[in-house]
Amino acid sequence: MPSKLDQARDLVARANRMIANEGVLDAFGHVTIRHPTDPGRYLMSRSRAPELVQPEDIHEFTLDSHIVKPIEARLYGERVIHGEIYKARPDVNAVCHHHAPSILPFCISGAELKPVYHLGATLGATVPFWDSRDDFGDTTLIVAKPEEGASLARALGPNWIVLMRRHGATVAGTTLEELTFRTIYTARNAAMQIQAHGLGAVSPLNAAETRLAGEYNLRPGPVARAWEYWSVRLDKAEGNWRAAKAKPSRGSRKRPAKKFKRKTR
Amino acid sequence: MPSKLDQARDLVARANRMIANEGVLDAFGHVTIRHPTDPGRYLMSRSRAPELVQPEDIHEFTLDSHIVKPIEARLYGERVIHGEIYKARPDVNAVCHHHAPSILPFCISGAELKPVYHLGATLGATVPFWDSRDDFGDTTLIVAKPEEGASLARALGPNWIVLMRRHGATVAGTTLEELTFRTIYTARNAAMQIQAHGLGAVSPLNAAETRLAGEYNLRPGPVARAWEYWSVRLDKAEGNWRAAKAKPSRGSRKRPAKKFKRKTR
Amino acid sequence: MPSKLDQARDLVARANRMIANEGVLDAFGHVTIRHPTDPGRYLMSRSRAPELVQPEDIHEFTLDSHIVKPIEARLYGERVIHGEIYKARPDVNAVCHHHAPSILPFCISGAELKPVYHLGATLGATVPFWDSRDDFGDTTLIVAKPEEGASLARALGPNWIVLMRRHGATVAGTTLEELTFRTIYTARNAAMQIQAHGLGAVSPLNAAETRLAGEYNLRPGPVARAWEYWSVRLDKAEGNWRAAKAKPSRGSRKRPAKKFKRKTR
Amino acid sequence: MPSKLDQARDLVARANRMIANEGVLDAFGHVTIRHPTDPGRYLMSRSRAPELVQPEDIHEFTLDSHIVKPIEARLYGERVIHGEIYKARPDVNAVCHHHAPSILPFCISGAELKPVYHLGATLGATVPFWDSRDDFGDTTLIVAKPEEGASLARALGPNWIVLMRRHGATVAGTTLEELTFRTIYTARNAAMQIQAHGLGAVSPLNAAETRLAGEYNLRPGPVARAWEYWSVRLDKAEGNWRAAKAKPSRGSRKRPAKKFKRKTR
């Protein structure tokens, strides 16, 4: 029976590969989760493209982003993005930093990302910007120093996604499943907003709809449905899925499954 | 010899997977058909991404959208979209609700979706909008209550597709094959209309062309040709197709095949 | 040793599948060639999505588009597109009719398709439009009657591609390889022109560049290189290619290979 | 133990296939490297689509672009693009010439390609244009003559990428890995710039950020991470990768690996 830690390592490795398979992560970016039993640590891969991350790549880090057991392999240069958000936000248990092609146009243009359909409502009421120039002047744009991560976490505030000018986005969630849902559907929402803008007008969800639709879509049912979908698609992409041998899914139980409770704090 | 019901369950499960494979459905959305022998029932999957729907996931529902034999697994929250349309439209025997990336920009911007090429003529003379705010104010945008489904069915009226503001689209058809054709080609049409708009002008089909081209393309020949295409593509995607073993298709007979007649009411 | 006719059937079936694999053809559209030994006939599939066309689907037609040996399976409704062009243009030995997503925006908007990079020069000096309304008023938009095909062939004139308003495009070539090259690279050119238009300006090739670059890229070397590329990609898509067993290609000989001469008239 | 030359041939063949697999090269374009032990030679494939290039296709050329050991197969018509740059730039050890769909709109419109996110900073401070009309009037647009290649090399100057009007781009690098990184991420940057332009504004990196971010991302860590990503993706595409048998990568060592030093001059 694998330990909670091993299960968590499997799950976050898988989430990295799922989100990469959906086109939101490429060679760069990362997905982490807070340690399942020690809120003072988080789990992150050593430096490797998310699409390739395996459970054995996942290591423990303190919230100061120091690796607990040093390894020879390179580490991600931007781990403070995650550590500083875990410090600032006790409610957050999963973080994704990405450079999704549909989100970058907002980071480049400064146009406001808005929820334009119900599945994008999970981006929340406000999507703040963060610009490294404000606090740090000219930089490599890489968030590598603790003070840079802390500045980004302040910009995120109580929100769920922050757009980093000329860089990408960082998304937070209370669970890994919620984080995955929000990350992928915010990217889909962004793509649709760009196209709607081309047609002449963008009429977004209002504040009440955003709150109501956001809550609805982050309930266990919708999240489980999307998670299964992306998970099977990953299996197909990795050659681990065959129609003839597909195990019929039991389906999500109407009461929240114990499995999800383990990740909720 | 499988029963009519079992054949129908296979077919609607397959249509879900075919339309998902063509990029029109993702984790959300659904395809249903009216029961082959009881017009007071329809067939729908339990809650599962369309790409994953198998025949054993298909259950019977009354037109009030109550499941005939209760199951433990979750059900789709928006089944009333289908039930209320089957009530309002005795001519309709298949329904698809989706959030296709090429259609959403019209739902977001309020721009009118028009038939811009012959294969898009199947969208019909009029594509109405439905806005949940009109009758229901601020909502989750999810069409879950019978009165919401009924409102949507009224907006659909005698037409074949209704665009739901800030949400997606619902498409109807007299047969599952026609519904599949209309769903996919309306999405292709929408993508072309967006690009043409970018080039400066959209000169659509006129009313007569829309009617004539729509009728032509929904004849058995074109529908069968497209159905075979999407079906084989699904087999390829599911690893159930090999060039060496491809059974030469007998080709569509010039007289309408009995198979299609079973679905026509 | 297969006959010239059998080799031709293999080749045109393959061209259908290659062009479909490159995204230019979907369930609809078709590729034909003039009969290898009888210029009064052409070879075309019975009605089937191009992606699925096999050699046994290829049948002989007179230039009046009557099938030489009647079969039970449906035929393409628009075969006169091909027959009438073969009549009007003795220099043409291959024709493709398609509804490529990147070309349709020009057919919808009336914007002029221009050669914008060297590989698009093969579209030629002039790309005429044809509008069924001009000669025929309101129609199904399907080119089914001989007079409609003849009208389209007159619009094509001495050119290599004609854009059909609200429908698609028809492309001609002196050989099947040239036709394939022109069909695919015109679609690539169109996509780039749409994007360049969005950036604010389209500065196309001038008439001399169009002629010089068009001639250069239709020489045996470039055409063979592209044909091998699309052919191997088709093999990969059909599961008939394995890296480990890849036969090293001998490479195209500097003198035109006999194989290509067979198709040149 | 394979010779340095054989290792180099494997690597440049692989880079051709990797960049093609990422959608930046299609039937046309090429990737070369300077000979590992003789700076007066470079390694290039005979004429073949980059996606298909194998080690046995790689031959040695003088910087005047004459093949050292003549072969019967066709050679690339534009090899002087590479030879002339290797002559003009002793610091350059790898060159890629391509017609990427996201870059061509800039070559067509004359719009300035700018670094819009940190991973695009590798395109450098300046992206010059080259227009064959300036020195040569009306041509085939193919850079085939030594004086044309020399003209292009002059336009490239000390920069890392030159946009060729109505044609494509040529990218240079001090190592093959750097060249691959710059080629792919410049194409990604271009796509994002086009979309940002559509949203109304493009706010690029300033000169200091471009320099700092460019340097950072071309350090061994990021380059190795991206190289592994594209390399495994190529293996997947070629059917040479299975999740179950994936060898756990040792990870990039913190000190620059000897392997990279071999390519650095």
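First chain written, first letter: the chains are A, B, C and D, and each begins at residue 1.
We adopt the following convention: contacts are C-beta pairs under 8 Å (C-beta built on N, C-alpha and C of every residue); 3 or more make two chains touch, one makes a residue touch a chain.
Computed from a predicted model, the values in this text were never measured in an experiment.
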Problem set entry | Most distant chain from chain D by Cα centroid | B
Problem set entry | Self-contact between copies chain C and chain D, residue sets same or different by half | different
For this session: Return the distance between the CA-based centres of chain B and chain D, expressed in whole Å.
Result: 45
Exercise. With chain centres defined as C-alpha means, what is the inter-centre distance between chain B and chain C in Å?
Worked result: 32
Exercise. What positions in chain B touch 2 or more of the other chains?
Worked result: 197-198
Exercise. Does the chain-touch network form a line, ring, star, complete graph or other?
Worked result: ring
For this session: Spell out all pairs of chains that touch, sorted by label.
Result: A-B, A-D, B-C, C-D
Seminar exercise, completed: Listed in rising order, the residues of chain A that touch chain D in the complex are 26-28, 46-49, 51-52, 54, 56-57, 71-74, 77, 99, 101-102, 104-111, 138-142, 165-168, 194, 197-198, 237-240
For this session: Mind listing the chain D positions that touch chain A in their complex?
Result: 116-119, 121, 188, 191-193, 195-196, 198-206, 208-209, 212-213, 215-216, 221-222, 224-226, 228-230, 232-233, 236, 241-244, 246, 248-254
